[in-house]
Every structure is written in C-alpha cells, then in structure tokens.
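Below is one structure, written out as structure tokens, with a few remarks after it.
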Amino acid sequence: MESIDRIALLTGGGDCPGLNAVIRSVTKAALRNGMEVLGVQDGFGGLVKGQFTLLGEKDVSGILPRGGTILGTSNRDNPFRFPMSNENGETLVEDASDIAIENMKQVGAGALIVTGGDGTQSIALDFSHLGVNVVGIPKTIDNDLMATDVTFGFDSALQCATDAVDKLHTTAESHHRVMVCEVMGRNSGWIALMSGIAGGGDIVLIPEIPFTFDGIARSIHERRDHGKKFSIIVVAEGAPLPDGQQVGWVASSGNMVLGGIGARVAREVEARTGIESRVTVLGHLQRGGTPSPFDRILATRFGVSAVEMVLNGEFGCMVALKTPEIVSVPLEEAVKNQRKVPADGELVRFARSVGTAFGD
Amino acid sequence: MESIDRIALLTGGGDCPGLNAVIRSVTKAALRNGMEVLGVQDGFGGLVKGQFTLLGEKDVSGILPRGGTILGTSNRDNPFRFPMSNENGETLVEDASDIAIENMKQVGAGALIVTGGDGTQSIALDFSHLGVNVVGIPKTIDNDLMATDVTFGFDSALQCATDAVDKLHTTAESHHRVMVCEVMGRNSGWIALMSGIAGGGDIVLIPEIPFTFDGIARSIHERRDHGKKFSIIVVAEGAPLPDGQQVGWVASSGNMVLGGIGARVAREVEARTGIESRVTVLGHLQRGGTPSPFDRILATRFGVSAVEMVLNGEFGCMVALKTPEIVSVPLEEAVKNQRKVPADGELVRFARSVGTAFGD
Amino acid sequence: MESIDRIALLTGGGDCPGLNAVIRSVTKAALRNGMEVLGVQDGFGGLVKGQFTLLGEKDVSGILPRGGTILGTSNRDNPFRFPMSNENGETLVEDASDIAIENMKQVGAGALIVTGGDGTQSIALDFSHLGVNVVGIPKTIDNDLMATDVTFGFDSALQCATDAVDKLHTTAESHHRVMVCEVMGRNSGWIALMSGIAGGGDIVLIPEIPFTFDGIARSIHERRDHGKKFSIIVVAEGAPLPDGQQVGWVASSGNMVLGGIGARVAREVEARTGIESRVTVLGHLQRGGTPSPFDRILATRFGVSAVEMVLNGEFGCMVALKTPEIVSVPLEEAVKNQRKVPADGELVRFARSVGTAFGD
Amino acid sequence: MESIDRIALLTGGGDCPGLNAVIRSVTKAALRNGMEVLGVQDGFGGLVKGQFTLLGEKDVSGILPRGGTILGTSNRDNPFRFPMSNENGETLVEDASDIAIENMKQVGAGALIVTGGDGTQSIALDFSHLGVNVVGIPKTIDNDLMATDVTFGFDSALQCATDAVDKLHTTAESHHRVMVCEVMGRNSGWIALMSGIAGGGDIVLIPEIPFTFDGIARSIHERRDHGKKFSIIVVAEGAPLPDGQQVGWVASSGNMVLGGIGARVAREVEARTGIESRVTVLGHLQRGGTPSPFDRILATRFGVSAVEMVLNGEFGCMVALKTPEIVSVPLEEAVKNQRKVPADGELVRFARSVGTAFGD
C-alpha cells in the first residue's frame, strides 16, 4: 500500500456542536503523524467543485469550543445526483462522483474522512465502493444511529432542550398553564424522552409510543386532581398525530411554521381541558452554541481514531463508541439501522416510575 | 395616620424573572420593620376571591434565584370588570372592586403593593382612587414603561435573546443561511435592538422603524457582495408588516402560531434572495430561567423601596429607577407614556455605525 | 420475606449535583409502588440520632434541577465509631450501629438506601453484614469508583472545570501568561484529563502520570517556539509533587490554602520559563449548581433501580451503570477497587495526539 | 485641522470582557467613516516597540462574543518609564514616550484611542499633554472609576461572582457550613456588595465598611438562632483585616496564595463559631468568558463614541456613561477620583433591609 500524505476532510448534513472539535482533532492528529489535511468546503458539493483548503495548526486553534463547522456544510449536495449545467445552460442532475474522485487525485488526497449522519455516510459508502479510501465519523443530533452508543451533538442538544424545559417550568407554575415544548427528533424520541426525564416533564410524546389527545388530557386531569395546576409536555417534532393528519408545514416554503405538532398539541389540550396552553418550538437553537464537554471529548476521540484508521489502512469503516471504547464498524452496517427508543425498555419504564406519562 | 401592620402584595400580568426577588425583599424589609406581608394568590383575581397567604422568612428563603412568582399571576383578571356568577348561574362581568377592598379590610391589610406592567398599574391606580393605599412596582419585560429607566426582567430577557442570536450564528455561518430570530416586543423594539447590537445581528426590525422586504434584501445582497454569505435578522414580534397585513395569529386560539412576523420575514427573504432562510421564535423562553444579577438587584431595591414608601405613607405612587437612584413617581404618570426606541436616537445611530441595517 | 412498607434514605459524603434527583426518584418510585420513604437527616449521623422525615410528593417537587441535598449530608459521621457523651460528660468514640438499627426498627424502615462514595458504601456494607437490608447508590464526583462506568456529579463537575478552562483561555491569550487551573481529583485524574481534553488544555497533570517541572517547562518552551505565547495547565489536586514534598495544607485548619499543588506549579513554571503564571483553584464550585441533564437522568435511573431492588429483595448490593444498562453489583466489590486513569490507555494517547502534554 | 486617516487603538491593563467588542466597534465605525484602524500589540509596550496591525472587517468578525483582547494587553508597560537596554547591555528605565510618538507618526496614526483603567488613562493623559490626539475608553472590572456610571466588564464579573454565590449555596446548605467567596475589588467593594445582594449573601465584607471577626460571628450566631445552620460570606479581596495585618501574599511571587483575606475570614469564623468553614477564591474566572449583553452593548457604544470624538477633534477626553447617554469627560477628571461604595448609601441600606450584615 502506498503511504498516504494527505487526507481530505468534509462535514456534511445539518450542523451540530462538535464538528469543529472533529476538524481540530483530525488536523492535529494528522500533522503529528506526518500527514496534511485538506478541508473540503461545504460538504460533498465542495468535493465536486474542487474546493479544498489546507488546514494548519493556526486554522484549528481556538475552534474547539465553537459550534458549527469552519468548513461549512450542506444537507443537500450528493455527488451521485449533482445539479450540473449542460451546454444549453440547463441544469441537469448528473453523476459527478468521478469529478469528485478526480479532484481528490489532483490535490493528492489519498483518503477521505466524512463526518455526517446516515445520509452523508450512505454517500461515503458509495464512494468507498468506487475505491475511495473512506473513513466515516458519525454525526446525528437526534441520536438515531444504531451503530454507535451515541454521537457528539446529542448531549449539547439535550442540554438546550433541558434548559428550555427548566425555563418553561416557571411560567407554567406562575400562570397555571400547560406549556408544550417541541424538540428535535423526526424519527426517534431520544431528545424528547431524555430532556423530559432531565427536566421533569409531565408528559412526553415520541414517535415510538402512539398517543391520543384524550390520553394527554387524562394525565393533566389526574395531575389537577393531585393539586398540580400546571403541566409540561415535551413533544418530539416527529411524534405522529393520532388522527393520522400531517402537521401543517407548507411544502413550498420550508421555513414557515403553520403550526407543527407542538402547536397542534397545545390547541387540542386547551380544547379538552380548558387550561391555557402555550407552545415553544426550540428549532435551530438545539444545534447552536458551544458543545458540551462530553461532545467535545467524543468528537476529539472520533477525530483521532479516524486518523489512526487512515494510518492503519482501515477503510470503508466508521468510528463508533462502544462504551468505553472507540471501535470501527463497517459503513454498510452503520447506515442500515436506526436507533429507536424501545417503547417497553428500561428508560421508558423508569420515566413512568417517576410519574412521566406518554399520552398512551 | 394609622400605622400599618399588614401589607398585601400581589403580582399581576405576564410572569417575568425577578418577581420572586421582589416578593422576597418586600417580605424581608416588611418583617424587619415590624409589618407582616400577605401574599395575594394569582394576581387581582385572588384579591377578589380573598386568597391571602401570610409570608414568613421561610416562605421567601431560596426564591431569589428562581424565575416566575411563587404567588402566581394572571394577565386577565380585572376586579373592575370581573366575571361573577349571578343567582341564575350565568356569568356576568361586574365591578367587584368593593369585594376586593372588603377582603383587604377583613385580613387587616392597610396597604397594597402591586407588581405589574401598565395594565396592572392602571388597575392599581383605580384602587388608589377608591382610597386604597397603593404602591406600585413596575414590571415590563419589554422595557416599554417611560416612567422608569428600566425594570427587572428586561436584562434577563435580553440575555436569553442574545444567547439565541449567538447560537444561531453558528448555523447561519455553517450553512450560509439567513437566520431570523423573533423576539418579544409588541409595541417597542428594545429587546430586538439591544440583542441585535449585543449579538451582532445584521438586520434589526422594530416597530419604531418601518421596513420593507426589499430593504432587507438589499442589505443581504450588500453583505454577499462583501463576501458574507450569511445574515442574522432579529425581529420584534410587533414589527409592522410593510404591506399592512396582519401576521397570521388565529384569534380563537391564542396558542397557535400560524406564522408570525418572523416566519413571514424568512419567507419573503428567501423569495427575494434565493438564500435558504429559517426562523426561530423565542417566545416564552424569554420569560423563564433565573434572573440576571442586575434584575435580582433591581427587583430587591424596588421591593425595599416600596416598603419604605408604605412606612412613609407615600401612596398612589410607583417606585422607579432614575439611575443611580430609586425614586417614586405618581401612578398617573407611570401608566401614561410608553417608552419607544427613538428612531433617530443614539442607539440606532450607533447600531448603524457598526453595520446593523434596519430594513429601511 | 416480609413485605417492606418503608424505606429509609440517606445521603452521605461530600455533596454533589444529582443527589436531589436521587431523592426525588426514590420517593416517587417508592410511592408509586406503595412504599413510604423516610429521609434521614445529615447522613449516617442522623441515623444514629433518629432524625427521620417522611417524604411526600410535595417535598420532592421542584428539586430535580437543584444542586446539593435537601436531606443534608456529612462526610464525617460513622455510626461504628461515633462520638457519644458518657455519664461523666466526656465524649468518647463508640459503636452506635445498634442504636441506628434500633432507630430504623422504631420507625418501621425495612430497608435502607445509602447514597454516597466508597467511604459511605463501606459503612453501608458493615450495616449489611449486621442484617440491615441495604441498597447502595454510588456517588463520586471524581469518578473513581471502579464498579460503575460513571456516577452522577462527574459530568456536572466536568462542565464546571471545562467552563473555567474556557474562561482562563482569554486571559492567558491576552496577557501571554501561563494559567494553572487546579481541579478536583485526590486519587485519580479524571476531571483534570477530561476537562483538559474538552477545554484544549496544553498540559495536564494527574496522579497517574508522574511529572517533572522541567517536563512542564519543556512543553511550554516548545509551544513558544511554535509561536504560542501562552499555555493552560490543568492540574488535579492530588497530582504528586516531583520532589516528594507535600503541598502546604495546614492540618489544623482545613480551610486555609497555603498554596496547593496549583500554586506550586505556577511558581515553578514562572521560575523556569520567566513567563508570568497565575493559578485558579476551582474548589467547591465544582460541587455546586444545577446538575447536567446527563447527571439528572443517571441519578433518576439509579433511584428507580434502587427501589426496584428493594422490591425484589436484592440487598447488599449497589446500583451501577454498565452502559447502556443499570445493573446491580455486590457492595463488597463496589468498595474494593478505585478507578484510575490508565496512563497508557486510549484517552491519554488521544490527548497526546491532539497536542496535550503530561509533564513527563 | 488636518483630517485624520488612521487611528491607533490599544488596550491596556488587565483583560476584561468587552475589550473585543470595543475593538470591533472602533474598527467598524472608523471604516464606515473612511478611517483606518491600527491595532497596537500588547498595550503601551507595543506603542514603544512599533507593533501595529491594520485591522480590517475580517479581523473583527466574530470577536464580539469573545472575552479578552485580540490585540493583547499588558498591565505593566509605561512608555514614560520603559525598560530599555543601553549600549552596555544593561536594562535601564527610561522615558520612551518620544519613541512611541515617533512610531505613531511613522505609520500615519493621527489619533490614539486608549482603552484601559485609571493607570492606563493616566498614561494617556501624559501623552495628551505632549500633543497626542488621545481619546480614552474606560475599563475597570471593579467599577471604581468615578467619571462613568459604570464600565463594561463589571456586569460580566458580577455574573461570574453571583453564579459562584449561587453554587456555593447548595454546599453550604447541604453541609451546614460557612462558605466564604472571595471576589475582586482591591479598593472598592462593588462586586462583593452587588453579588452579595444578587446571590443572597448573608454577610458582605468590603473595603468601605470596617468589620470585626466578632461582628461576623455575631451575625452567624443570630442566623443559627433563627434556625439557619449555614451562612454565605462574600468578601472583597481588598477588605481590610480588623487587626491591621496584611493578608499573606508572598511578594516575590505574585502567583502564590498564602491565604488571602477569604482564607483568613474562614479560619477566624471557624475558630469563633465552631462551624466548618470553607473558602473559594474566584480570581481570574471573573475576567474570563463571554461578555454579558449589557457589557457588549456598552463597549460597542463606547467604541463608536470614541470614533465620533476623533471625527469631531475632541481630544484629551474619555467617553463615559451618564445614563442613558454617552458623554465625554476630560481625562484629568477621569483619572482623579475613585468610585467607592457609600457606606451609608442607599444600596447598603437596602442590603441591610433584606438581612445582609456587614460585620460591623
């Protein structure tokens, strides 16, 4: 095997606290092992466009505590279906993976470290199949990757959500209201469940446990019968409506909230209980801010491990946490399974034991 | 003048960080001066219903750092137009102020300290006209009371808003997006302007400065021309739409966001610039959490001052901050004028000097 | 086996974020299972003195986010060597364990849940040998218990330490200084190592890796040669001085710092490098404040598990985290082994890879 | 008057949150007005050494939320008494002010903006007397400058101190201890008094109010008699010992704490009351971290105002806050008077009203 002098590094998908810690540790560990790191701009799009920047010690100095990614990211670009202008000026979706691979050759990058969630790792796997020396680093703020115990970003998002639940408590108590807090989690309820337990949420609504509005109202009435005039509901954005309806996102404009699940829950609860109900949607706040110590450390460990895997010629794999160790798992396996909250698992049982209801 | 042995204390209007600090300092200062404090439950409603609780040292121990109000509050009850059931079981709105006054007599409360915003202080003034010994303590998270330099709650809300703007920066930068942050301020733009300056917001939209969507787009394009691919917009909830439209709150259901001003701004910006735009609505988060040191201190000073005014027989007045002193102002004056951001004042000029645009 | 109606619950040893979360979850889970909880005041001392308080839903409401322990604690009282006054008015150390056991019988407590570190659990084990139905919940802010992956409190302490390292960075950079941050860890370097990685500390000094002052100075000179004029040193309070000296704690007065290890390191570094050096000793700050979400969740899980163990008649054991599960381990095993940082383990290797030196 | 094209900007004295906000706003406002800004490295020393850096938009982008100063600072260099090597290789202290002035001419700097405390502003005044166009920006974390209502940095330090007092409460309560928190304030007690009020400190010791150890013990005994087993003492580092002793700083090594005032207080309290007492010295933590919104805004206002003063040819002056306006005051006046806590003023009276004792 030829020795590798240069590693290309990209961050893909939604931004998340800890990406800069990864960039820093990959760069530092690579330099310490005699390799250079080429940062790819704005995710896979930059790989097609050939946007590389050599990363030195100075570039990664001071970025450890900062959220986001200095490389930029994109959650849309896929080199295998890339929008390209043809000679007629039309934009067509084409396979530009060969261009990406050629770009890597041009700059002498013998390996590619890809940081991202399952969508991004699927693309990484496709490149691996084309012979690119790929190492994956998992990133999912929702914690829905089965292949790793947890990834960086989740703990920071959990802090944000728990902090919000703490804050809503004072208003709920002072006004005898129901406060609904909508948190991230399209397919899994980890943030909702964990922030619900951590913040003392009274009702937690997650994709994994079907709920009814009557079930929620019953729990609120029970609390009232015990003298508790307020309730906190934590709901994952992906919790399914009991009536099978879709929550009202206007498809043509991704940015307009026409009442997500949180607003719907607040409305139905108010209608059923007569108790004033309010909703707060945390949204992008959960992705922002300085990473928690746990996330910084995990991101740092992942970065160093990925470089070690490049040194060892261990490609087509992703680093993962199997507490307390960092291990490597095949990319195939990594992208296959989603981690769901076990509806009858220990955590849900424990939550019920301290009085959390699930609207079921 | 008869000496006063007991003071009734109520908190009215929306909750706000610092109310508990007021309750603590009124209670401690009163006890130290040989008076007792009767806490009124849930604002003016509790005064009509005769819901009083004697507050001792233990009741106010440990509440200084806690948000909300241990007395409960309400932003709807007005004793002068109070919903009462008549003999036919119908609910009619009646003047129940005499009941409230009688209740105070029953429990021996010789004075009433009212903590609240302009709506609450207007009711306090009406009671004052009926001969009740009233002292007001201003509370407005929006900072829109002219009679005082500032009130407690504002600084804490500003921290929450600034923290959010900080957090949105990382996503904006990483994704080259426009991030819109909608903050409180129905009639005045203080939180938006101040958090915009503190957080380095690129565009600030406030009720006091009419804006156009084209004006916003122009600023974003200018930034792009200077190599800045992202922008942060801070918008006060009460900033008026250029087209005279109302933002879509569904009147029949206070809790459902059908796209406030923030969502509308994001949509229009994306349409005009082609740059991905996202909105975050801070909502009740701004009222929650532990009060900032400034707010705790100001609330404490207000509470002690109010008790001193009771001791001095200085009624029909409200405490106020005229930096660096606490003064007393007539309630008439206090409720008359709203504090607006001067559109051509120093703060706006300074903000423009560091590059903040106002969409005008 | 007789069914158990009442559980006594005590917290012993130094206070730590998450104790209240334990108290809350034990109480809630017990009540839900038809048992009552008797809180013991101030640790094992309260057991001898018979100081019990019945804990209801209201007593544990709102305590989840609060640091410390509402039960009080003590890190000195041992019922097996308890100071008792005899008839001559002299205070003698005696075995008062029988009194403690009798007290439990008097109040009908059929089981005892003991939350504490290895010292506290050793006493719990002694009671277990006397036939008391004991369940242990581990608590060690230093993370030095081998029997569990981690305990609550550690993550919160890590946040405090990392936040401090972040803060010291700005002064270090602005003044081109060496800033020394002394953190907890008498026997193990977990907090120092983890906060060093999370905060980007340049040099980490821990009990497990012997260091020399010349080794430290060498690292600082190397950094200077690379253009870095400042350095951050994170040192565990228990890191041993190279010269075998003791740091100067005055034995007769535990509260007086006569220069701990941090001050000594700063002095020696300044002498060897000529660079202005300053020390900050975090001390009790690391024990205070609201527990992190992780700690609140883990504490909640431990509490529910302990109640389940009481229900199952599983005594003489301690709950423990074997990620991702809560398991039970014999108390004998729990108190036997200390968890040390493996000097040649993955974490230290990773830290070295991102440039952290260890003064060796 | 010749028009000024370039401004030199330096930061002197101890670092403090908000310095970067000043640097950013001076640079942005200057560029907007057609002037360039030359950052001087490391305070007045850099002016003598001719270390200037042209500051562009990019250099000040993203620094608003960051503590410290990107220019570096020094709290020792004085151009009027500067250590210079002579031809024999000896270092002599000489007047190097002419070199500094010549350096400014060389780079075309027509004005000098000096950010710093009273020591730094005194040097600025000396330069002003030599004909340099100087504008001062006040910086004092202790809030001890009479000429301005407050400066940036103080609010952030107050947050740090209040947060610490909050944290120490949980340990104090859990262990029934006296916790002593030593905060900044060599000559004035603002941070101690304000954080004492904000954090609910039981006893506050400041330079302006002489205390005795017996006075402190009396307050602690009174609390115990009211059932309060713990106490929090906040002490300013400059609070004078009753016995006229110096606290034990080792002069030859500024970094070694041999028991400051906090440790002494803890020791004496423990001796007099028998209650376990512990001390925490906040030290440099108070200077670190992100500036509070208030400090960022004030620093931004100061920076823009200073540039406006340069434009208006208003030299020999310092910007200052006279709430709610920014005004300019002669440097002579600015450096003359220290702001002390009025021992019989409103704040101290209010603090006593809520139960705070002063050891007197």
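Each chain gets a letter, A, B, C and D, in the order it is written, and its residues are counted from 1.
Going forward, a residue touches a chain if its C-beta (ideal position, glycine included) is under 8 Å from a C-beta of that chain, and two chains touch if they have at least 3 such contacts.
Just so it is clear, the model here is predicted, and its values are computed rather than measured.
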Notebook entry, point to check: Tell me, which chains sit next to both chain A and chain C?
Noted result: none
Notebook entry, point to check: What is the chain whose Cα centre is as far as it gets from that of chain D?
Noted result: A
Next item on the list: Find the geometric centre of each of chain A and chain D from their Cα atoms only, then give the gap between the two centres in Å, rounded to an integer.
Entry: 41
Checklist line | Chain centre separation in whole Å, for chain B relative to chain A (CA means) | finding: 35
Checklist line | Cα-centroid distance, chain B relative to chain D, in whole angstrom | finding: 32
Next item on the list: Provide the list of chain C residues touching at least two other chains, using ranges where the numbers run on.
Entry: 166, 169
Next item on the list: If you connect every pair of chains that touch, what shape comes out? Choose line, ring, star, complete or other.
Entry: ring
Check: Hey, which chains are touching each other here?
Finding: A-B, A-C, B-D, C-D
Check: Which of the residues in chain D come into contact with chain C in the complex?
Finding: 11, 14-15, 17, 19, 42, 66-69, 72-75, 160, 163-164, 166-171, 173-176, 179-180, 253-259, 263, 266-267, 270, 276-281, 283-285, 287-289
Margin query: Show me the residue ranges of chain D that touch chain B in the complex, using the header's touch definition.
Written below: 24-25, 28-29, 32, 57, 62, 64-65, 149, 155, 158-159, 161-162, 166, 169, 194-195, 197-200, 226, 290, 292-294, 296-297, 300-301, 303-305, 307, 323-326, 346-347, 349-350, 353-355
